[in-house]
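When the chains are written out, they are named A, B, C and D in that same order, and each has its own residue count from 1.
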Amino acid sequence: MTTRRDLVQASRALSHTGILDAFGHVSARDGDMVVLPPAVPPGRAERDDLLEMDVEGRIVRGDGRPHDEHALHRRIYAAREDVGAVVHHHAPAVLPFVTAGEDIRPVSRLGAPFEDPIPVFDDFDDADGHLVTSDAEADRLAATLGDGLAVVLAGNGAVVVGETVREATVFTWYMAANAETQYRASHLGDPDPVGDEDSLAATAATLTNAIAVDRVWSYLTGG
Amino acid sequence: MTTRRDLVQASRALSHTGILDAFGHVSARDGDMVVLPPAVPPGRAERDDLLEMDVEGRIVRGDGRPHDEHALHRRIYAAREDVGAVVHHHAPAVLPFVTAGEDIRPVSRLGAPFEDPIPVFDDFDDADGHLVTSDAEADRLAATLGDGLAVVLAGNGAVVVGETVREATVFTWYMAANAETQYRASHLGDPDPVGDEDSLAATAATLTNAIAVDRVWSYLTGG
Amino acid sequence: MTTRRDLVQASRALSHTGILDAFGHVSARDGDMVVLPPAVPPGRAERDDLLEMDVEGRIVRGDGRPHDEHALHRRIYAAREDVGAVVHHHAPAVLPFVTAGEDIRPVSRLGAPFEDPIPVFDDFDDADGHLVTSDAEADRLAATLGDGLAVVLAGNGAVVVGETVREATVFTWYMAANAETQYRASHLGDPDPVGDEDSLAATAATLTNAIAVDRVWSYLTGG
Amino acid sequence: MTTRRDLVQASRALSHTGILDAFGHVSARDGDMVVLPPAVPPGRAERDDLLEMDVEGRIVRGDGRPHDEHALHRRIYAAREDVGAVVHHHAPAVLPFVTAGEDIRPVSRLGAPFEDPIPVFDDFDDADGHLVTSDAEADRLAATLGDGLAVVLAGNGAVVVGETVREATVFTWYMAANAETQYRASHLGDPDPVGDEDSLAATAATLTNAIAVDRVWSYLTGG
């Protein structure tokens, strides 16, 4: 139950920050099922609107229309047992990197939890542009994600994962904040990763533990 | 009736996003008539303030003063039977391109519905600067628009059209969002169109169908 | 009476837009007197807080403490019979030009009413940094303003004038909006004035007449 | 008592401006004690949540969990008898400089109270990335601060001090505003300090006296 409440709160909170807009979506794993909102602006979905989908992509509960990219969510859950929530977003701070083909790197503290650089997926099916709609396409995306926290979708946006909805939401905020800093810093000089590998790992640990996640979740949701 | 309600909502929603400000205007076709707001800030117009104008530019209903650029709207309706609504705006994200003479291109998904590049009109009458007020001037503008969705007015702003008020409003948001991404991406590298012609057409189809338009309209209006 | 109400509304409206912040001030001429707010954030002043000052800088009504730059206001009224209101601001869009010593030019429609470039005052007294506090200093500033609508104060901010509080407020918004467009456009290319001298004059006329001023005032104040 | 009320107000006001977000913290000296919020988003702390800590870092009042960087606050109070409040922040306007290793300089009026350039601390312990958690590390930071108002923490953020909570809050706003102007001005040219040493000192005096601090505090808190 908490998961469903968190999923609605996460969608609203990320909409309030502008990281989600008319598009983008948050999902959560619930046992063998995927819980996801219907094809509406993420900030508008109510708890009663949430759908449940099985691993094959069949709706087993709820009567709205799912969005077109549910394969993206389903196949990441299939590939990653540790993942409990997935955010697909087009954060304004991230899109310039997505568009210019420039790597996103951990140039600020908040970027420390991510791979350097965040991997880029660019092996789309031809039929529907840069949407990820087929299982095979989504499997290739999951392979690019590997065991990391995020992947950039060339010409589309990005995907962030976490063990819980709260983690995926907080890590999404970290990704957008780091990208904004990298964007601005790249005008002043040539920003490097903030510390060596050990230092980045130490910083990442301080940002991904339960206390930090609760703190940022509270900040984002007003909770 | 829906058209008039949508026209007022569109004007407010685009004002809330900052795409319209003190200036700019939305109009709609209603049979042989053009429905348009008086010369007030677009976010302030109430439904009872709306004017009806015939093809010659005579007010046939309502008693406010029309804005000076009604020819721009009337002549696009005359040239394009498929167009049911017109937005003239000066979005902050678009003005730098308008001013620098730099092309707006489909560098992000949301730019896919537009021509590459969006055509530029620069054949103004001399008498009133960069306003479009005469029928002849507006006819030249309509010719530059051709059968596309948008045209840039050099040194002024842009015009976006749609079959309905909702479409024109949603496409205006797409144009501004794509321009913002292009602006930022141009600092990081040299952004290219997001995919080849077929891929752009596939993406455009996903963004211009009724489901996508309803979704973005809901996002913009809170409806 | 209208002048005092407008002065309070102008201070709030320009604070809401971020053009005024903790600093900056709006004043108005009332016969031989200058009406000005005390040394508080401009968005906080109430009508009863307003002060009246004579041409020598003596408070003749009200009991608050005036801000330190009243000479700036008084001496512009002395030099310009046509001026009924003065705005001194540090708009975020204008400060980069002030700081970098780069000219502000009419690169967008909203810049058309101003001189090309807006003149720059840089002849400060040494005693108090870049504040304008002595009558002699303020007279030199008024001379730089000439018969124009605005002047940039090097390392400080800008001053905008109008016949009425509404005009000075609306022209301040024009100045900030044009500077923002110029700032952004300068990243994309080398923006030129939007049209030749005649075209600029025609555009300026459409932006400075009573209808346009009322429209923008309504936009800024919600009135 | 005023100090505690101001500390809560300062945390909220700096959160509203975006200078503080999920992280960052404000503290105050109270006799031999340090008053600081628990490890929650600074905008969420209530007065009853505040903790009191002795010079050794032991909580002597309150039952929340302190944040990890209390040494940073404690050791600055130990080194600087004149300091009554400390703000540690990651202002979005400051982070690009922190990340790019570019100096922050007094290029606008609001930068005048700070050293040119603001000193940079980069002598972190290895164990926990760019957090400042040990007393020895914090002592080195205090040495870099010297008798100035601010210090940049490489790859982390910045620290600003004042005699009172109000001063530290107002100076933090000055630092962020000056950094924003410097960032933008650096795109237009090569911004220099706004005046020579005497002029900067004169400007600093006008910005750090009690009247100016009250004015900006009122602006930031709505008080």
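In this text, a contact is a pair of C-beta atoms (placed from the backbone, for glycine too) under 8 Å apart; a residue touches a chain by one contact, two chains touch by 3 or more.
What you are looking at is a predicted structure, and each value in this text was computed from that prediction instead of being measured.
A.B. asks: For the copies chain B and chain C, give the interface type as same if over half of its residue numbers appear on both sides, and as different if under half do.
C.D. replies: Different: when the shared numbers are divided by all numbers used, the fraction is under half.
A.B. asks: So, what's the distance in Å between the C-alpha centres of chain D and chain B?
C.D. replies: Centre-to-centre distance between chain B and chain D: 46 Å.
A.B. asks: Please report how many Å separate the Cα centroid of chain A from that of chain D, as a whole number.
C.D. replies: 32
A.B. asks: Can you list the residues of chain D that touch 2 or more other chains?
C.D. replies: In chain D, the residues touching two or more other chains are 186-187.
A.B. asks: Can you tell me, using the touch rule above, whether these chains form a line, ring, star, complete graph or other shape?
C.D. replies: ring
A.B. asks: Could you list each pair of chains that touch, in label order?
C.D. replies: A-B, A-D, B-C, C-D
A.B. asks: Using the touch rule from the top, collect the residues of chain D that touch chain C in their complex.
C.D. replies: 107-109, 112, 173, 177, 180-182, 184-191, 194-195, 198-200, 202-203, 206, 211, 215-216, 218-220
A.B. asks: Once bound in the complex, which stretches of chain C touch chain D?
C.D. replies: Touching chain D from chain C are residues 21-23, 39-41, 43-44, 65, 68, 90, 92, 95-102, 124, 126-131, 155-156, 183, 186-187.
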